[in-house]
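In the two complexes that follow, subunit A is the common piece, with subunit B as its partner first and subunit C second.
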Partner chain A sequence: MKQDKLAAYFELRFRPNVELVSVVRRFVSAFYERIVHDLDVTERLAMVTHELLENAVKYSSDGETLLSIEVEQVGGPRNVLVRTKNRTTAENRKIVTEAFNEANAAKDTFSHYQELMKRASTRTEGSGLGLGRIRAEADMSVAYAIDGEELTVDARTTIPAAVAS
Partner chain B sequence: MSNTGASANQALDVDVGTFSATQKLNGTTMQLVFTGEADAAALTLMETFLLGIHSLAQDNGVKEVALDLRKVSFMSSSCFTKMIGWVTRVREVPEPGRYRIRIQSSQSSLWQRRSLHALQCFATELITIES
Partner chain C sequence: MSIATLTQNEGAFTTKSQKDADVITVRFSGEVDLESIDALQRILIGAHEIALAEHAKQVIIDLTQLEFMNSSGVKHFVTWLRSASQLPDATSYKIRLVASKTIPWQKRSLAALRTFAVSIVSIVHEDGAEA
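Right after this comes the complex of A and B.
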């Protein structure tokens, strides 16, 4: 049963604004620190959580977002999932779909990130960098699913087994 | 317009509690120090600060800007975009008037290792990273 494999689980449903995103990042950093005992991994996961939540704020149609974090362990390495779920408009679902299609079509994650940086240099609104940053800097895979108006974005990675303290 | 007066220079400095940015002009070099968390609270002021820095550097014939990021614990992609915008503006300056950017970073910070490597690759001719 999946529940047997869960080393840690966390879920938060709230109406984030950009200021609250930072509060949640600090909070989940403490959570990650306790679970993973690795500063680099903690920083990666906190950054990913921040970027996903900033996007959720940007794309949510009613302001509400569900953030869930799962750390799953079977034997050695642990699988980590950071998920955001929120309702979006048709226009925003199209923007997200296009961003993912482009990212998935890119042969090289870092080159794609550099291309996004080039475009970001002329943007006045938002960064358009979040997805590329999660892939290129945090080495996490990202996927999305759309169910009606609901958009789910998952970032996944595998981290080393916990060190006994 | 020349803008070398101490009070005019200090007017560029910003502090939003969780993030601050200061600058010091010394001849043709300029030292910038960022401290704290560069997130939404810092975004607008960081952009204004970097625009001001660019003007000040050009007005004073600055050859090198040293940016100390060692005490920045986090930078969101929105704020990182403002850094990219600054670097892009410097690149657009014709060569004799262009200044170099030397970034002092912390090797123990993952975001700095990853983001600054990406930034250096974006403008290799302009940026030096020290750790």
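Right after this comes the complex of A and C.
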């Protein structure tokens, strides 16, 4: 079983609504504090979780989302994966694909984030900033996969041994 | 619109405001998420309109009690800062963002925001030291 090899993991399937996103962020913050003794890192992980869940609320076609967090010990450092998985419409899968294509083509993560921020200021719906913020402010890599109607978004980072408990 | 309209209580997000001479101060507390995002937008638009109507020289946004802000909050700050940075000198006002030393996200988010209005925005800590 894959979980046997993990230092810690957490999985939550729920039907997110606006209120639950912040509730879950506070809940997983306590989880992160158990595995990382660095406020900056735990705050970044909590922010990433929040942004991924807000997107799930926005893009889920049936309202249900699976949130999973995995912590893998690799010698001293720890690899952390924050994943959301949900069903979504063809139109939203296209939007997500385009957002990732643009992000992956950008040479500089911060410049791309600034460009998104500039565009966001003229948007009436949503911010379109979540992906850029995760990459630029949380310094985490983000990837996506589509399997039929199911969209999976993964954010990953490595926690240095010095702050991993 | 009066300065009192900048004092609000929207779930986990609350604000307190005051005006001293030509300085408007708004103190944020709690969290900005999808539930409170409309309130944040109202506050920032309101602060801008009051600053123009009352010829304020400075707007101070004290974030030292703001624990979290989502990316939609970042968007509304960008919109406000871009509007304020495009004002003619006669109506222009300065913006001071007061950040907490113990809330790490503020350093990253505010540094990114400041790039949209470098000439009018300063970021300081609660003790007045430049952040």
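For this structure, a couple of remarks:
Note that the second predicted complex is superposed on the first by the 156 of 165 C-alpha atoms of A that agree within 3 Å, B and C clash if a C-alpha of one lies under 4 Å from a C-alpha of the other, contacts with A are read in each partner's own complex, and residues count from 1 in each chain.
We adopt the following convention: a contact is a pair of C-beta atoms (placed from the backbone, for glycine too) under 8 Å apart; a residue touches a chain by one contact, two chains touch by 3 or more.
Here the structure is a predicted model, which means the values were calculated and not measured.
Contacts of A:Ala136 after superposition on the shared chain: both subunit B and subunit C are touched.
In the superposed pair of complexes, A:Asp154 makes contact with neither subunit B nor subunit C. By the document's definition of touching, neither partner reaches A:Glu70: not subunit B, not subunit C. Of the two partner chains, subunit B and subunit C are each touched by A:Met117.
Put simply, subunit A uses residues 18-19, 21-22, 25, 39-40, 43-44, 46-47, 50-51, 54, 110, 113-114, 117-118, 120-121, 123, 126-127, 129-130, 133, 136-137 to touch subunit B in one complex and subunit C in the other. Listing the residues of subunit A that touch subunit B in their complex gives 18-19, 21-22, 25, 39-40, 43-44, 46-47, 50-51, 54, 110, 113-114, 117-118, 120-123, 126-130, 133, 136-138. Per the touch definition, subunit A reaches subunit C in the complex via residues 18-19, 21-22, 25, 39-40, 43-44, 46-47, 50-51, 54, 57, 110, 113-114, 117-118, 120-121, 123, 126-127, 129-130, 133, 136-137. Residue ranges on subunit C touching subunit A, taken from their complex, read 12, 31, 33-35, 68, 70-72, 74-75, 78-79, 82, 102-105, 108-109, 112-113, 115-116. Contact residues on subunit B toward subunit A in their complex (touch as defined above): 18, 37, 39-41, 74, 76-78, 80-81, 84-85, 87-88, 108-111, 114-115, 118-119, 121-122.
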